[in-house]
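Lettered A, B, C and D in written order, each chain numbered from 1.
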Amino acid sequence: MTIKDEIIEFMKADFPQATCTIDTVGDKSATVRQTIGYDELRPGGTVSGPVLMTVADCALYVAILGEIGIVPLAVTTSLSINFMRKPSSDKDIIGECTLLKVGKSLIVGEVSLFSEGDSNAVAHVVGTYSIPQSIKAKN
Amino acid sequence: MTIKDEIIEFMKADFPQATCTIDTVGDKSATVRQTIGYDELRPGGTVSGPVLMTVADCALYVAILGEIGIVPLAVTTSLSINFMRKPSSDKDIIGECTLLKVGKSLIVGEVSLFSEGDSNAVAHVVGTYSIPQSIKAKN
Amino acid sequence: MTIKDEIIEFMKADFPQATCTIDTVGDKSATVRQTIGYDELRPGGTVSGPVLMTVADCALYVAILGEIGIVPLAVTTSLSINFMRKPSSDKDIIGECTLLKVGKSLIVGEVSLFSEGDSNAVAHVVGTYSIPQSIKAKN
Amino acid sequence: MTIKDEIIEFMKADFPQATCTIDTVGDKSATVRQTIGYDELRPGGTVSGPVLMTVADCALYVAILGEIGIVPLAVTTSLSINFMRKPSSDKDIIGECTLLKVGKSLIVGEVSLFSEGDSNAVAHVVGTYSIPQSIKAKN
């Protein structure tokens, strides 16, 4: 089973509420995707901020699992988002995550969020995850 | 009609997806509340990060509307959250917002998030909203 | 020797470059002060952003030392600042820090920065410090 | 005169306290450099956080001037930094800025900070600048 399949299986079992899907994962990065429907929209036909934050958090989590293995207890400790452009109401949101630091206890990554097909990011996120101290890197 | 009732009516019409309710608003502040059920939880019985961010964004928005009047085009430009403690799975999340700066084009506020009945914040948020330039303050 | 005197002595020995002074410390909080001269100003007669960040970092550090004792290896892991008003060029900058969370490995605090005598904050900071794992709380 | 020379001249006249120098500027990006000496160090032989923030702010400012022309009144409205690795005490700090959004009133950019010769960033910054409304883009 590839690490991507492992993560998909783990998230299906442990995060059944998650609605984002994984395009790619590996090499300290991940790309995830969120389809957009009524629940994800706000008035004016734009994707809601919390949906964008959710996609970013998902991209970070997947990139981390791809790097250090399945770590059920990794938790977000901080997340900063800048909203930059209005997302399309009828395109998937794509989250591209790059890990900037993979430390023993803290992992830092950035995520650019796009409306599919447009190369100008709609938002940019920096987030940190805390890794339980008993977990070994690359387990 | 009080400003609180005006905001409730405006949000019902324009943000039917919003699920947070308003406890208080006024004096550059607002307190909002989100009930917690299956959709808001993550494994381990904790409230998901995006739900906390949504409550914070709602608290900021309500505090801003309470200060400058109904401004449909105010948009979040940035939001930073620090997750500090594990929220209860069976308590409402309360968001208490204080506006730090009400400028002509930018408004900055902070939000402390609590599980109801516990005075230790589960998360802390700082957010900024951009106000369309044609809007007058205190209209 | 009070904890305030301990911190002053420690900082004099270990951070001779620091120029901020301690007004108060204790009870998960601290107030520090920075005099403003030519080196701290930018054109237009305003205090430079990095000076404000330095005062905030100092306030956080002092509040942390006041809470957990002298910990030479505590390091800032993140710092977010919102600049809100133009500081006076001829008033001390006052930094008031409140610790929001004192965890075993991470400490989160917020700092409001003022030009002395004006109750409207010129900037607001949230910062996190990482505490070496071998350090005991309240040692 | 190139835009780089224009910016150097402008900063020499208006920011005589600035100590960072410009390596490159243009195409929505800039690279700046700060030499490191006693004043920039903290105990343990590391570069102080405020010095890193200053370099990041300088890189952002130079990239913005390179994009929209000499705008004396552009001001930082927010800056978030994650400290990731210990900088060398005897290498220049290099700040590489990329602008993520160049809006009419707000500009968002990110900066990676390096100890020269090491490709792992020591810190990562996201900052926003506010542009006075009377200024035209690309003037």
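What we mean here is this: a contact is a pair of C-beta atoms (placed from the backbone, for glycine too) under 8 Å apart; a residue touches a chain by one contact, two chains touch by 3 or more.
Keep in mind that what you see is a predicted model, and the values were worked out from it rather than measured.
Q: What chain lies farthest away from chain D once each centre is taken as the mean of the Cα atoms?
A: Between chain D and every other chain, the largest centroid distance is to B.
Q: Have a look at A-B versus A-C and report the one with more C-beta pairs in contact.
A: A-B
Q: Need the CA-centroid distance for the pair chain A / chain B, whole Å please.
A: Distance between chain centres: 23 Å.
Q: Per the centroid of Cα atoms for each chain, what is the distance between chain A and chain D, given in Å?
A: 28
Q: Can you work out the whole-Å distance between the CA centroids of chain A and chain C?
A: One centre to the other, that is 33 Å.
Q: Specify, in ascending order, the residues of chain C that touch 2 or more different other chains.
A: Correct list: 77-78, 80, 82, 128.
Q: Would you identify the shape of the chain contact graph, picking one of line, ring, star, complete or other?
A: Per interface graph, the chains form a complete graph.
Q: Which of the residues in chain A come into contact with chain C in the complex?
A: Counting only chain A, the residues touching chain C are 77-78, 80, 105-106, 128, 130, 133.
Q: In their complex, what parts of chain C are in touch with chain D?
A: By the definition above, chain C touches chain D via 14-15, 17, 38-39, 41-43, 48-51, 53-54, 57, 72, 75-83.
Q: Could you pull out which chain D residues touch chain A in their complex?
A: Where chain D meets chain A, its residues are 80, 82, 84-85, 100-101, 103, 108, 110, 121, 124, 126, 128.
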